[in-house]
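As structure tokens, here come the structures.
Two complexes follow with chain A in common, the first pairing it with chain B and the second with chain C.
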Partner chain A sequence: MNEAPRRITLDEWDRRHAELWAAGLREPDYGGPLRRHVDDGDLRLLSLEMDNSAAALRLWNFLLTEEERLHRARDEGKKIVGTMKDLGTVPVMAYSLPDVVAFYPDGAWWIPCVMQRSAGLLEIADSLGLDDSFCPVRAMVGAYVNEAHFPIPELTTCSVGATCDDVSALAQRLEALGFPILWWEMPHRRRPDAEEAAVQLSGGFRAPESQIAWVQSELQRVRDALEEHTGQRLTDELLAAGIERANRVRRRLAELRRLAFTADACPMPALEMLIAEMLAIHFCSDQHETIRVLEDLLEEVENRVRSGVGVLAPQAVRVFWVNPVADLRVMNLLEDAGGRICGTEYLFCHALDPIPEDLPPMEALARMALADPMAGPSADRAERICAEARRFGAEAVVISHIPGASHCAIEAAVIGQMVRTRLALPVLEIEVPPITDSMEPTLRTRLEALIETVTERRKR
Partner chain B sequence: MKTVAYNSPFVPPEWIAAHGMQPDWMRLRAAGDRSPTGMGRGVCPFAGETILAVVSGLQATAVVVTTVCDQMRRAAELIERDGQLPVFLMNVPSTWQTTAADELYVAELERLGRFFVQLGGEAPSNDKLARVMLGYDRARGALRAARAGLSARRFAEAVAGLRGGGTPASETAVGPPPAAGVPLALIGGPLPERHRGLLDLVERSGGRVVLDGTEGGERTMPLPFDREAAADDPLGELARAYFAGIPDVSRRPNDAFYQWLADQLEARQVRGILLRRYVWCDLWHAELHRLRQVSPVPVLDLDVDHEDNGSLARTAGRLEAFLEMLR
Partner chain C sequence: MICAGIDAGSRTIKVVLLESDTLAVIAADTMDQGVEQDALAMRLLERLLQQNGLRRGDVHTIVATGYGRKLITTADATVTEITCQGCGVRQRMPQARTVVDIGGQDSKLVRLHPDGAVADFVMNDRCAAGTGRFLEVLATRLGVKLGSLGTLAGKSQSPAIISNMCVVFAETEIVGLLASGIGPEDIVAGVQASIATRVAAMAGRKVGSPVVFTGGVALVPGMDDALESALEEPVTIAPDPQITGALGAAILAARRASDR
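Moving on, here comes the complex of A and B:
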């Protein structure tokens, strides 16, 4: 059932789903009309406009059934590992073992948005003294305490050191509340000294060899804990196969991003692309299905690019976006204002890069972990943002602050200045709380002003 | 003599001094509304003041900051970008229960030593390092012994003096006897020199800080050195005394901080705790609720933001009410 690509509301999806079914759509077991998620409390869907493809339907259903998948895994006797903060490394290790499912408890930061605060997680955090001066990731504490979302993992890991203080402080509170945590250290990635042996990491970063070895030793502690908690040996062979599977995800995502960010007509909305990128860090609790979901999405995008059709006006302003938004609706707002996403750095660009397959697996993982843009200087991250913005032909950069996050205030000063100096692009800084309804007019105005600025520049 | 400015208790002044340089515990000025680097909302006032102090022309040869908190880690970058001084960012592990974490701390001290040498310092022999360490150790021991006879402010000044650059400890370790008052603990983030009026305010209000658990106060003094170990492996002993000896909320896990606090509250018969924290400091803020739950004595939360930074007006009323409750 073909229909011109466009963003549609949930009401329109009701009709669209029926049409797709009538036309023979077959969905995986987690499929179905998106409306049912609203009935389950995912109220934010009522305010979003989503892509109208069957591939997007599968993506949304996959995302919104993760909690069910985790509970089913628990019922099936699989081991569940909560992997906080590292964004992309420990899940690769965990998924290398059979019958192990990993997820990011910090991913609960989107629950207040998706459920429009009806889940009460922020209120639980408030009651524990974790108010809105903390990043919305404080919702994670509420989710552990009320056990109404994800099952409590058998093993929870958390990377600390060169990480944000919010997650570190919140995870410490969780441990004090009786949820044991395996802490592992992520050192600040520093630039190698003149005479020091160094390694080139993905993203163009460099690090001393000694730091790679050190991170490797920390990941070995994680490996030991995984073996102990699952009763299985995590051999190099299993790790190598796990890395190969993770790379399959990353390759598909890389192609998806390339097409979505460079096609003349934007073939996939920002919202679906954001969710697709998130799949790369923990596979939404099913690595194999992640690959299939991305393949569907890629096929849809390829078809649209071949046909020269897109979801936005062809003259949409090309925007590079920095940091994920706590309120998904803001991605719609950007497009409503006349923008399109052409490049992103959602805090985990290292999880999109291929993991070296020609190295011993633990060293490859250590290199990947140390390539985390948040582990090193903000200037490194800014360099990567500039390079990617140039590569994708961005005409403006939006730095989206996460309210309360320890890294945002200072790093934005570094990133913003470098973008202005190197690329001479307009930079807009905004702050996005979990629900932006009350400030939507302001946000909309600021995004429109950015778009107008670029439109005027085009005329020169 | 070349001066090295620093603001973290995890940087041993002995290590700076042993390289023939003068340690200088950084003094800060109020940032107020000034924001020379274009920083936005959410910057910890202490980190902001540190940036401002350095980029405004701090008199020093170099600056050392640490990774103990995320904001200071990132502040190092702005200091380097906008200031005129060489900056060393010392990686202090958050974890502490592994040999690897100990080794990383030692490796960072060694790297810091190479930085000093590049600045014109001289790598110390083991004998020299041990000598310098024991000199500091004696001074700290003397100060600990004198603590009960000093006012809280005098004691805080003396501790800062030992870290370098402030009033010499020998001059501050004498002074008026401490006022009688409700014994309190002051814990939390750094208490810069210009904020030490809080200690006087406590005494004027009928209390007395008998336990200084601020960052830079006695909580963050290193363990006494083992003389034999200092002679055999001075750098190893230096690292042990600092890395293993400072109970901080930033450590993961941070149980050692709570154990230290429980021991000290009992030993000093503390009747109330003042938690002084900077807004946007997640590390201390997150502990407030837990502290209230586990503390055997009441806790008063004193948050410090950009606007009232340095002003005691808002604090005075709350402090008086707190002390009235304790009397």
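Moving on, here comes the complex of A and C:
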């Protein structure tokens, strides 16, 4: 049943769902009214406005049923792999094996938001000495300890080194609590010396061949561990097929982003786009279904773009957003203030780039892993942000800090300075904790001021 | 045609009545903020109108700004204090390139283009250490009036160094300094320097000159000197620094009125 695209509240979704059903909507087995998730404790939905399409309904239901999916996988005897910190490489390897499900334990950082802190995960972390001087990813430790969210995986991997100090510290604490972890090291990506053999990476980066070889050897250890824990051989053929499937996800996301960020009328809200992008990292514990969810979303966006309709006012200010937000509500807030997302860098933009299919699979994966924006100098990341902001015609840049996240303290100054110098765009830095209710007026003021600044620039 | 700007700040409400054709200020005043922000703002507006022989119906357009702007029910539009400060300062001091506004509960630094439009801004409203709240805490702790802090600071020969980053801990530190015999004048000067340093740190890079100082804290003697020292740039206090936000709101109201 067609309805003009717009953001709607959960109350409105109750009615909308009934209408869609009456009009013949068929949903997958995890489908149903969004209200049931509130009954399960996902209280934040009451404060959000969501896109009113059937495709968005499917996306939300897919996201909010991941825990059920993981428990079902355990019941069915599938092997479960937790891939910590790694943003988009080990899951591709794991999903290359049949009957293996990979997930992203760090994703538990959204549980305090979605459940409005009712799950007590941050409190468990606090009790273990992991207080709010750490990134909200510490919720993951709580989830491992109380086992109330995801089943404890047979194998947990974690990349360390030039990735994220907080996650490394949290994962080390987890191991000390009795959860074994397979560590693999990510070197700090450096620019090759003049005479050094080098390779081009996605995102416009270059790295010495020797670093690729190192990462490849580390990923080989992960491959060996996957084979050992699953009792299956992870052949190059299986890996190549897994890479091809991952690229199907990435291609759909690339097209979704292109349309959403460049259409005159914004065809999909920032919130749904954020969740869709996150699927690239971990596939929400079902790679095949991820492709179907994205295809639905892409079809909806294509239809809207074709019809010239959108969810926001046509004059909405085009904002490039850096870093994911701990509180999903802030994406609504940006749009309430008069902005729209035109470009994002949520720390895993390398996981949105296609993995080379013309290289030996392990080398291709090593190259992608080393293209992680966090693994290199902040200036590299800033370069990519500037290039993308220019490409999507951004009029302002928001750098969203994750409270306690060690990388945020140093990156923002570098990124902000480069954006101001190269693009002459206004830059806003904000900090977004898991629940922003008490600071909403101040966040709103900052975002509105940014929109006013750009609106005034347009008149000049 | 008469327009009004209402700045519903965290500590005070400011109202400016403006003749929209000439942008001449008809009247301006302030009042302490309270719980009933809308009612208080209306009371101040009505008082100003009455004092000038005007009625509510004479006001064509009202723009509200400030922390409580969304609560002003009679406003025709709301605009953030960042835009309004830029606009108000531009009116009073067209050459300004940077506005430092320190209020009771927040501080902001607004960079202006040569034509007066806002280029960029930074804002602190999560830490009281860079705001007027620090001075209030200090005045209470020293048992002196807020207005006399500047006179006290003027007598300082050796400003105390306030190490703590948080007002709550800094208050404890002040108790310790007093106990160790440091004079109130040196403590006040130290706190002023601490606030100014925080604002300068927020800027993060060299600020454009001229720098104009607004907000209630600009009325505290000595704060401009502290700010000059921290920013390493001359600082000029705006005329009527407390009402530049409301003035900007009134000017924007006048623009809206002429656009209609």
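Keep in mind that, in the parts below, the second predicted complex is superposed on the first by the 460 of 460 C-alpha atoms of A that agree within 3 Å, B and C clash if a C-alpha of one lies under 4 Å from a C-alpha of the other, contacts with A are read in each partner's own complex, and residues count from 1 in each chain.
Following the convention adopted for this analysis, a contact is a pair of C-beta atoms (placed from the backbone, for glycine too) under 8 Å apart; a residue touches a chain by one contact, two chains touch by 3 or more.
It should be emphasised that the depicted structure is a prediction, and the values quoted were computed from it without experimental measurement.
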Which of chain B and chain C A:His71 touches, first, second, both or neither: neither
Which of chain B and chain C A:Arg35 touches, first, second, both or neither: neither
Partner chain(s) touched by A:Glu429 [first = chain B, second = chain C, both, neither]: both
Which of chain B and chain C A:Arg173 touches, first, second, both or neither: first
Touching partner for A:Arg292 - first (chain B), second (chain C), both, neither: neither
Residues of chain A touched, compared between chain B and chain C (which is higher): B
Touching partner for A:Arg390 - first (chain B), second (chain C), both, neither: neither
First (chain B), second (chain C), both or neither touched by A:Arg420: second
Chain B versus chain C as contact partner of A:His407, first or second or both or neither: first
Chain A positions touched by chain B in one structure and by chain C in the second: 413, 416-417, 429, 431
Residues of chain C touching chain A in the complex: 67, 70, 79-83, 106, 113, 115, 117-123, 125-126, 204-205
List of chain A residues in touch with chain C within their complex: 413, 416-417, 420, 426-429, 431, 439, 441-442, 445-446, 448-449, 452-453, 456-457, 460
Residues of chain B defined as touching chain A within the complex: 37-43, 47, 67, 69-71, 73-75, 77-78, 81, 89, 91, 93-95, 98, 100-101, 104, 107, 111, 114, 249-250, 252-254, 279-283, 285-290, 292
Residues on chain A engaged by chain B in the complex (per definition of touch): 128-130, 133-134, 158, 160-166, 168-173, 175-176, 181, 183-185, 187-188, 190, 193, 210, 214, 217-218, 221, 377-379, 401, 403-414, 416-417, 429, 431
